[in-house]
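Note that chain A is present in both complexes that follow, paired respectively with chain B and with chain C.
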Partner chain A sequence: MVKNPAKPRPMRIKKTPYERIEPYLFLLPALVIFAIFLYYPFARTIYLSTWVTDALGRPKKFVGIDNYTIRLFGKADFWASIVSTLKFVGVVALGGLLIGLITSLLTYNRYFGSGFCAAVYAMPVAIASAAASMAFRMIYHPTGGLLNNLFGTQINFLGGANQFWAVAAVTIWLQSGINFIFISAGLKSVPAELYESCDIDGANYWQKLFHITFPTISPTLFFQIIINIINAFQSFSQVKLLTNESPNSSTNLIVYAIWHDAFRAQRFETAAARSVVLFLMILVITIIQFSFEKRSVNY
Partner chain B sequence: MSQAKTMKHTGAQRKRKLKNTGNFLLNIPILLIILVPLIYTLSISLVDTDQVYKTLLLPHSIQFNNYVNAFTNPSYNFSRYILNSFIVSTSVMLCQMVTCSMAAFAFVFLEFKGKKILFMAVLATMMVPGEATIIANYLTVAGWGWTNSLHVLIVPYMTSAMGIFLLRQNYMTFPRELKEASTIDGCSNWRFLLQIAVPLSRPALGALGAYVFLNTWNQYMWPLLTTDSDTFRTVQVGISMLYDIDAQSMGLMMAGVIIVIVPSLSIFVFMNKQLINGLMAGAVKG
Partner chain C sequence: MKKIVSLLLVAAMMLSICAFASAEGPVEITFWHAMGGVNGEAITAMIEDFNTQYEGKIKVNYEYQGAYDDAFAKIKAAGISSIPCDIMQVYDIGTRFMIDQGWAKPMQEFIDAEGFDASVIEPNIAAYYTVDGTLYSMPFNSSTPILYYNKTAFEKAGLDPNTPPKNFDEIYEMSKKITESGAAKYGFGMGNYGWFFEQWTGKMGKNYVNNNNGRGVDYATAVEFDSNGAGHDILSVWKKFVADEDTAIAPYLNQGNDDAKQAFINGDIAITLESTAALKTLLTNVGDSFEIGVGFFPNINADDVGGVSVGGGSLWAFKTGDADREAATWEFVKFMTNPENQAFWNARTGYFPVNVKAQETEAFKANVAQYPQFQVALDQLHSSAPQYAGGLLAVFSQARALVQSYTEKLVHHEIEDVDECVKQLAAEINEAIEMYNLTNY
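Up next is the complex of A and B:
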C-alpha cells in the first residue's frame, strides 16, 4: 500500500491468530469457486489436450502434441473452421460497431422521441441469444417466414452461403445494444467546447464528425471492437439453433466445433485442444488491447 | 436561437417541431430492425394456426391457445422451466453478492500477505473465456454425479471476478476514516461489512444483481450440457427443445420465446440504470 509518512501510524498491536487468518476467510468462498471451476478446469483442459480420451473423457494414452498437430492442424476442416470464425468475428465486430455508431449519433441530441429510440437501441442487451435465435428461425423460415413473405420470395436463408450471413445478422442484432450503450457514453464524454469552437469556425456536421467526434472517441471505438471480437468468438447458441445442429463449413464456428467434438463425436481430446486454441486467440486479442491502451491513452 | 425565440415565437417553434420530426424519422429504419423481430414473434404467438405462415407483422385475429398450451399441456413443462430458471438465477445472484462483497472487502480494507498476488489471480480469471473451460467443467461435475440437478447450475457461478472488481471500485470510494473510526470504536470486520459497507454499496450491488440475474436467466450452453431431464431444464434450453415442424408448433415456439423474454425485458425496463451499470462493468474484461 501507499506509505504516507506525514500520517501518524496507529499503534501496532500484536495480531491474534484469528486476526491473521481473517482476511483469508473473507476471500475463501470466492477463491474456492475459482480454484474448482476456473483454475483446475483450465489446467485440466491443457492436460486433456495431450492425451487420447475415451468416450467419457477419461485420458487413456499420452500423445503429446499429436492432438494439435495431427488431429487439428493436419485437418482441412479445422482450418476451415478457424477461417470461418475469423471472418464471422470480423463481420460481427464491424457490423455491431457500425450500428452502434449510427444509433448513438442519431440519439445524441435530445428531441421528441429520442429517449424512446435510445431505449429501443439498448434493448437487445437484455435478450438471450437462444430466445432470439428461435425467433429468427421463424423470421428466416424458407416458405412462410417474415422475410420471404415481405419480399414475396422463397429464399432458404438458413442454407448454403446464406447461412453465414443469417447467423452473423442475428449476432449483430444481439450485439447492437451493448455497442449503442458504450458508444453513446463515449459520445457524451466529448467536451462541448470542442464543438463550440468548431461552430465559430463555421464547420458543418460532417466536418465536426470526422475532425472532432471520431478522433476523440477513437479509444471507445477501439475498446468496443475488442468487446465485439471477444463476444463474437464465443457465439454458440445462434449457430446451434439457427442451423439446427448442422452448420456448413462457413458457420462451423470454434465454440460450436468444441461442443460438437465433445458431445456429438465423443472426442474430448480434440475438444480440449480446440479450447486451448480458443483461449490463445482471445489471449492475443487481450494482449493487443492492453498494448494499445498503454500506448494510446491520450489518443 | 434565443433571439429568434423572442422575435418570431411561432415560427421558431414550428421550425423546431419540423426538425424534431425529421430527427425522429431518421431513426425509423433501425428502430424497425430492432423492434420488428419482437413484434412479429408476439404476433405469431397470437395468430390462429392457419395464419402462421401468412402473417405480415401484425396479427389479423388473436387467440391465446399457445400460451394456454405452454402452461397446461403436460408435454411442455413451462411453469417448471420458469421456476427452475428463477431459482437458479436468484441463487447465483445472491451468492455472488455475498462472495464478491466479502472478497472485495478483504482487498480494499484488510492487509495481509499475498494480497497483490491473490488480486492478480482474481483478475487473471477474466482472461479465460468460459467456453474454453466448459468441457473440463462438464467432466468435473459429471464425475461427481452432479448432472441433472439445480446445484450444478448454481455452484460454478457463485462468484465472479467482475463482481469482485465492481464492488472493489465501489469500496475504494469510501473515505479511509470510515474504516479507521469504526475499528477504533471496536467494530469488527464482519460487522463493518454487514452494517456499513453493504448498505453504502447498495447501488453497486443493484448493478451486480441485475446483471448477474439477467446473465444467468439468459444462459444456454452450461444448462444444455449439464441437464437433460425435464425436471431441471431451464427456460432457454426449454424453448430450444421445441420443434418447428408445423404451424402449430411454430406458434407455440414463439409463445415460448415471448414467455422467456418478458422477465428479461422487465429487468431492462424496471432496473435499466442498474443493468446498464452492471453491463458496463461486466464488459470491462478482456
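Up next is the complex of A and C:
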C-alpha cells in the first residue's frame, strides 16, 4: 500500500485562548456602538416607561404599567395622536408615491423641456424640510399668504382640521422628489423589447402601463412605499415648524408627541411609553410589509 | 437622545476645563443666551464691548443656544451631570423650576456681599424675580404685552388716531368700523399666545395659581383661574371675537404670535397685541407704509383693576465653586444692566431698560424723542403695582401650551361651552402640577 505522500490533511488542533476570543474582538467595535446607541437606550426606554420621573428625567417612583394604562390609553389625545399618525403615514406614503409615479411617467419620453421638468420634479430631494416648512408658513399665512392672495380667499390653512392636510401636503411634496428619482430609474430599466412586442400586438398606452410597466417596476414601487412609510413616521420638523410647536390633535404625530413630552413637558415617562408604542406599531407594519412583499412583487 | 446630548456636553466641559488649566490670563466665563435676530445682534455687540473693556481680565464666551425653550431644554439635559455654563439667560416662566433645582447662586448674595444698590433695578420688574425677599436672577430683557395699532387705518376709518382702545368693548366697536370702512381686511387680530392669558388674569387682579400665585413659602398645587372667573372671562372673549359666527370679527391667527405680527406688518389687521420687545422689529418692518401707534394692553372687562407683569428673560448665575469665575460673572451682570447698556439695549430691541437710571441717559432720551412709542410701554409698567407681579409655576411652559391648545379647541368648535373648556383645561394643568410636585419635591 502506497502511502499518499501528498500534504496531510491539517488536523483540527486545539485553539489557543486568544484564537477563541479573536472573532469576538473583531465584532467588539460594532457591538459596543450598537450597545451604547441602540440596545442600552432601548432597554432604558422600557425601564423608564414603568416609572415616573422628575423634571430632569431621573426615575423617582415605580408605577408598573400605569404610564400605559392611565397616562396614555386613558387619554383621548393619545388615541387621536395614533389615529392621526396612521392617517398621516397612509396619506403621505401613497401621495408621495402617486406624485412620483405620475411625474416620472410624464418625463419618461424625451421632448423639449423634459430635462427641465425632471430637474423641477427631483428638486424637493435637495430641500431641507426645515427650510421648506418656513417657506410654506408664509405661503399658508391666514391673511397675507401667497395661496390666499392667489385665490382671493381668507382661509386659515394651518388652523383646525386644515392643519393636517397642510402639513401632509408639504410632506408629500418633500417626498415626491425621491420617489420621482427612484421610479424614473425603475422605468428606464424596463426592457424595450417588451414594449415593442406589445406594440406589435396592438396594445394601447394604458394596456402597456398596467401589463408591462407596473409589474416590471413593482420591486421599485414596493421599496418606495417602505421608504415613504419610514419617512412619514419620522416626520418631525415640518410638524414642529409649520404649527409653531403647537399642533392640534389632528397633527400631533407620535414622534412629535414623544419629543414634546420629554423636552418640553418634562414628562419622560410618557415619552418612553409612547416610544414603546411606536416601536410596536413599526414592528407590526414591518411584519405586514414583508408578508405582503412575497405575494405582490412579480419578477 | 438626552443621553447623547449630555455626553457631548460633558465632553465639551472636559475640553473647557483643560483650556482653563493650561491658560494663564483672563478669567473665562461661559454665557448661554437665547436671543436671535435683531435682538441677538444687540446682545452680541454688548458682550463684545464687555470683552474689549475687560481685556486681559475677563473673557466672556457666549453661545446662542436657540430660543428660550430650546436653551431651557439643554440646561435641563445637562443639569443631570454638570452645569456647562457660568451664566444663562432664562425666560420668566422658568423661574420656579430654576429655584427648585437649586443650581443657581441667587443675585441677592452678590448684592448683599458687595452692598450693591439694588434700588436701581426697576421695582416692578425686580418684583417678578423676587421670591421670599430674595432676588434670584437679574432681570435683563424684560417686556410686557402692549397693544399696537395702525394709525393710518384709524384715520381712514374716521377714528381718532391718537386714542387707542382700552378694553375689548372698545376694540369691538373700533374694529367693526375699520372693517366696514375697508381701511384693513380686519379691524382686530391676535395670536393665540398663552402669555396673554396670564397677563389678562393679572389685569383682572386675580391669581393664576393658588398659594399666593405660587409665590409663597408653599409652591402652587392647583390653578385658580377656573374658580375665580378669570378663565371664563378670557375664553369668552375668544369665543365672541373669533369663534361665534354671529359675533366673530377677527381671524384665527394660530398659536404663538408670528402670524399675527406678519398680518399686522402687511396691514391686514389694524389692531393687535404683542410684546414690547417686538416694537423695534415692527418699526423696522413696517417702515413708511403706515404709522404705528401703541396703547396699554387692553382690559378684558372695562372695570378691571389689576396690572401687567413682566415677561422676557433674566440672567441666572450658577454655583460653580470657583470664586474667580463667580466674581467675573457678577462683573458681567453689572455691566449688562448698567444704565448705558440698558439704554442701548432698549433702543435696539424694545425691551425695558431694567435700570431706572437708564432713563436719564442721552441715548434713551434721544430714542424716546424719535420713537415716542417706547414711552407708552414704560408708562404701562409704572402704572402697574408690583403686587401683580404674575404667578410662578414650575410647569408653566406646559400650562401655556395647554391654554393655547384649549383656546384652539374652543375656536374650532371642538368644545362649545366656555365653562366646560375652562374645566377641562384646569383639570389638565392640575394633573401636570400634581405630577411635578409628586416627583420633584
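Convention: the second predicted complex is superposed on the first by the 257 of 299 C-alpha atoms of A that agree within 3 Å, B and C clash if a C-alpha of one lies under 4 Å from a C-alpha of the other, contacts with A are read in each partner's own complex, and residues count from 1 in each chain.
The rule is simple: contacts are C-beta pairs under 8 Å (C-beta built on N, C-alpha and C of every residue); 3 or more make two chains touch, one makes a residue touch a chain.
Remember, predicted model here, so these are calculated numbers, not experimental data.
Partners chain B and chain C, brought together by superposition on chain A, clash.
In the superposition on chain A, contact of A:Y68 is made with neither chain B nor chain C.
When both complexes are overlaid on chain A, the residue A:F78 reaches neither chain B nor chain C.
Shared-chain residue A:F263: touches chain B and chain C both.
In the superposed model, A:V125 makes contact with chain B only, not with chain C. Residue contacts after overlaying the shared chain place A:F88 against neither chain B nor chain C. In the superposition on chain A, A:F164 contacts neither chain B nor chain C.
Judged by the touch definition given at the top, the superposed model places A:T143 against both chain B and chain C.
Contacts of A:G113 after superposition on the shared chain: chain B is touched, whereas chain C is not. Of the two partners chain B and chain C, more chain A residues are in touch with B.
When the two complexes are overlaid on their common chain A, residue A:E245 makes contact with chain C while staying clear of chain B. With the complexes overlaid on chain A C-alpha atoms, the stretch of chain B that clashes with chain C is 134-142, out of 134-142, 188-196, 206-214 or 260-268. Residue overlap on chain A between the chain B contacts of one complex and the chain C contacts of the other covers 37, 41, 44, 56-57, 137-138, 141, 143-144, 262-263, 268. Per the touch definition, chain C reaches chain A in the complex via residues 1-4, 69, 73, 76-77, 79-80, 97, 100-101, 185-186, 189, 251-256, 258-259, 262-263, 266, 268-269, 394-395, 397-398, 401, 404-405, 408-409, 411-412, 432, 435-436, 438-440. For chain A in complex with chain C, the residues that touch the partner chain are 37, 41, 44, 52-58, 60-61, 137-138, 141-144, 154, 156, 158-161, 243-246, 248, 262-268. Interface of chain A with chain B (complex): residues 1, 10, 20, 22-24, 26-27, 29-31, 33-34, 36-42, 44-45, 48, 56-57, 99, 102-103, 106-107, 109, 111-114, 117, 119-139, 141, 143-146, 149-150, 173, 176, 178, 181-182, 185, 226-227, 230, 233-234, 236-237, 240-241, 255, 258-259, 262-263, 268, 271-272, 275-276, 278-279, 282-283, 285-286, 289-290. On the side of chain B, the complex with chain A involves touching residues 19-21, 23-24, 26-27, 30-31, 33-38, 40-41, 44, 52-57, 98-100, 102-103, 105-107, 110-112, 115, 118, 121-122, 125, 127-140, 142, 155-156, 158-159, 161, 164, 180, 189, 193, 214, 217-221, 225, 236-237, 239-240, 242, 244, 247, 250, 253-254, 256-257, 260-261, 264-265, 267-268, 272, 275-276, 279-280, 283, 286.
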